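Which chain is which? They are A, B and C, in the order written, and residues in each are numbered from 1.
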Amino acid sequence: MTAWIIALAIGALGWWINARLAHGASSDSRTVSLAIPVIFGVTIIAMWQVLVTMLDVSAVILPAPSAIASRFVNSIPILFADFVQTIIKGALTGFIIGMVAAFVVAVIADRSPFLTKGILPVGSFMAALPIVGTAPIFVKWYGSDWESKAAVVAVMVFFPILVNTVAGLRDTTAMQRDLMRTYAADYWTTLFKLRLPAALPFIFNGLKIATTLALIGAIVAEFFGSPTVGMGFRISTSVGQLAMDMVWAEIVVAALAGSSFYGAIALLEKRVTFWHPSQR
Amino acid sequence: MTAPVISASSLDLTFQTNDGPVHALSDVNLDIGKGDFVSFIGPSGCGKTTFLRCIAGLETQTGGTLSVNGMSPDAARRARAYGYVFQAAGLYPWRTLEGNIRLPLEIMGFSEDEKKARVKRVLELVELAGFEKKFPWQLSGGMQQRASIARALAFDAEILLMDEPFGALDEIVRDHLNEQLLALWARTGKTIAFVTHSITEAVYLSTKIVVMSPRPGRITDVIESPLPKERPLDIRDDPTFIDIAHRVREGLRLGHADD
Amino acid sequence: MRSALPIATVVVVIFAIWTAAVVPMNIHLTADLAGRQDIAVTPETPRERQEVGAISLALQNTSIWGMTYTLDRPNLPSPHQVAAELYKSVFTVAPTSRRSLIYHAWVTLSATLLGFLIGAAAGILLAVGIVYNRTMDKAVMPWAITSQTIPILALAPMVIVMLGSIGVQGLLPKAIISAYLSFFPVVVGMVKGLRSPDHMQLDLLHTYNASGPQAFWKLRLPGSMPYLFASLKIGISASLVGAIVGELPTGARAGFGARMLVGDQYGQPILTWAALFGAAITAALLVAAISLIERKTLGRMGMRMAA
């Protein structure tokens, strides 16, 4: 009972601070905009900590944040090895393969309006399918190491990037294309000088969707078979051993990796498509 | 008189659309001489823009002949015989002003020194020197349109084709740009074909005014302007100016009468 | 439908590539099998064949190409094998049988739908809260956006075990995974939708002195519909993926995920492929169903679909 009262008090306090900040004079400043979600997060973690320790919740159900943090700090070598195996070798390699393949297919398809018309709906349809389910097939083909994970990731990221690139390449106005014709510019010149730059905002949209998919693919594919390293492997074995603190530590790694990967692409987007109305 | 730069005889163009054929141009005969400033005026659908696009080789006629510099329009396009200014500036938002003007020069393979010199020269010509590093979206509409004229001038084609270049600008900016355009024409001696739907603009700018009317698109009147080459803005109050404007208006009204 | 022919062409091309790939993918297995049946194969021994690439082996043994399409346990099943398995497990077995794909589809689908309903309802509620409460907007919205960059699907096995250890089993754990996967896209889409009316439209209601609830029911909610449906389509396919992945690490006995796992573990790739296609068809039907409701609703409201 006391535990609930303390937790609720913490929650009310956090909310009260945030409400003051959100309705305060400088609520739109960068610092406050950043502080409010951080305070919210800290409040949730504090309530979680209080409830779990004071109510003696079994670590099998929900470990305390402090337990997760200490597990994280004590397992950095393991977590790092898992990170390299899953994120760098699996997700990143697959992401690059899928991206390059999507670009190549998009540029080839782009030469034919007929193909483009077919690829757009088929591609969007494929992008909505549970492609992660192909994991067992790829594990069987390419073995249990990172190559099979990269293959799953490549297929998963391929369709959203393809659809967005093809759509982006079509996104020039008749006037812009006529201008290139008045210069008697050939196909490749038009592609590189006009249509690719114009397509960049679309392409980045596809890339951002693909970052999350890449991580999901690499982690989930490890549930189907992996060497004794990797985030998916660690999650499924730790679940089996009821070592929930380790599972949570891996999830923290996944969250950090996911948001930094996404952030890196978003940053690159800001640099490259600074001219687009959505970025100005 | 020397051979005309642009020459059309019995030009016909029919578009096939879903609602049946559209007769966009019918029996168009016109010669444009070197150094002429020719305006095309008429209501929408009269084929003035279509005719300009035919000259540019962006459309192909279905009948008659059309020659540009003694070549077919398509050959003239390949020889980069003209600069084209569209209704909107259409500058690339990802390139600076300088980068936008370099675009045709890059495509046409000019040397680096040449590119630099030309960009500098045409920016001065349109009074945009000092704005090289700005992006188009940081500039006003009038400045963007001036930059697009600079882009069309950069590779020094003898012919300038302009499709309602100032149509989207307010009248005060438009007056200013008209003055600048005349000065530029006087300095460069280019042959200019100019599409507009403003009577004042057409009379103020042109040595020759071509009045067109729709269904089918055709020429109803060609007026040689007696106005001097030097034209201050207040020439628009001159009786000769008003007479010409009156004749253009009459021509437009006649074109409408057969609806 | 002007794009029907291009779509058909692309689909035919994909199936053609698949069909063509069957030969090299299966040629080593087929050659071993042919060798055991005393059919002449070059090179003769399995060890020598391991040294040869799939394509050159296929070119040296054109006579056994037909066999690559009929293997019991192929590396890559041919389209007709998958189609036959789908037909067999959908139409020739009673839907209540464990060998029926309909049975497994229902197991996965029920978790998907339950989870999707919970997730979408919660998402809409939170979105309304975010739009009307400034503190909530500032505190929760950044997390909702960040959550889309995180592979939250990785939580799935833990959720199953966590709920299992407090005695919750069966449908509900999977539904919860489905719910939280559809929750965040719906929140983000719905917030965008509720904020889509512009200043002029809101000002108009101000001039009528409309109350807050009136502005909500007459402007914000109808205005949000195109965005809501766009995010519901994303949400429902995420829900299905969530339910399938939720079946994987727990050794579930039924569902698409279980079926894929069984095919994988017992060396029956055709089963895995049939389950995969079953899941794909289910996903397509779910998205199509939402699209249909979307078209009906928006059509009646005289609105267009959000891009």
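To be clear about the criterion, a residue touches a chain if its C-beta (ideal position, glycine included) is under 8 Å from a C-beta of that chain, and two chains touch if they have at least 3 such contacts.
Predicted, not measured: the structure shown is a model, and the values here were computed from it.
Undergrad: Taking each chain's centre as the mean of its C-alpha atoms, which one lies nearest the mean of all protein C-alpha atoms here?
TA: A
Undergrad: Among all chains, whose Cα centre is located farthest from the one for chain B?
TA: Here the answer is chain C, farthest from chain B.
Undergrad: Between chain A and chain B, what's the gap in Å when you average each chain's C-alpha atoms?
TA: That pair's centroid distance is 50 Å.
Undergrad: Let me have the rounded angstrom distance from the C-alpha centre of chain A over to the C-alpha centre of chain C, please.
TA: 18
Undergrad: Can you check how far apart chain B and chain C are, centre to centre, with Cα atoms defining each centre and the answer in Å?
TA: 55
Undergrad: Can you name the residues of chain B that touch chain A in the complex?
TA: Per the stated touch rule, the residues are 53, 56-58, 77-80, 82-84, 86-88, 90, 92-94, 103-104, 106-108, 135, 137.
Undergrad: Can you list the residues on chain A that touch chain C in the complex?
TA: That would be residues 15, 18-19, 21-23, 27, 33, 36-37, 39-41, 58, 60-62, 114-119, 121-122, 125, 128-130, 132-134, 136-137, 139-141, 211-212, 215-216, 219-220, 223-224, 231-232, 235-236, 239, 242, 244, 247-248, 250-251, 254-255, 258-259, 261-263 of chain A.
Undergrad: What residues on chain C touch chain A, complex-wise?
TA: 2-3, 5-11, 14, 75, 134-135, 137-143, 146, 148-151, 153-155, 157-158, 160-162, 165-166, 233, 237, 240-241, 244-245, 248-249, 256-257, 260-261, 263-264, 269, 272-273, 275-276, 279-280, 283-284, 287
Undergrad: Over in the complex, which chain A residues touch chain B? Could you list them?
TA: Result: residues 173, 175-176, 178-185, 189, 193-194, 197-198, 200, 273-276, 280 of chain A touch chain B.
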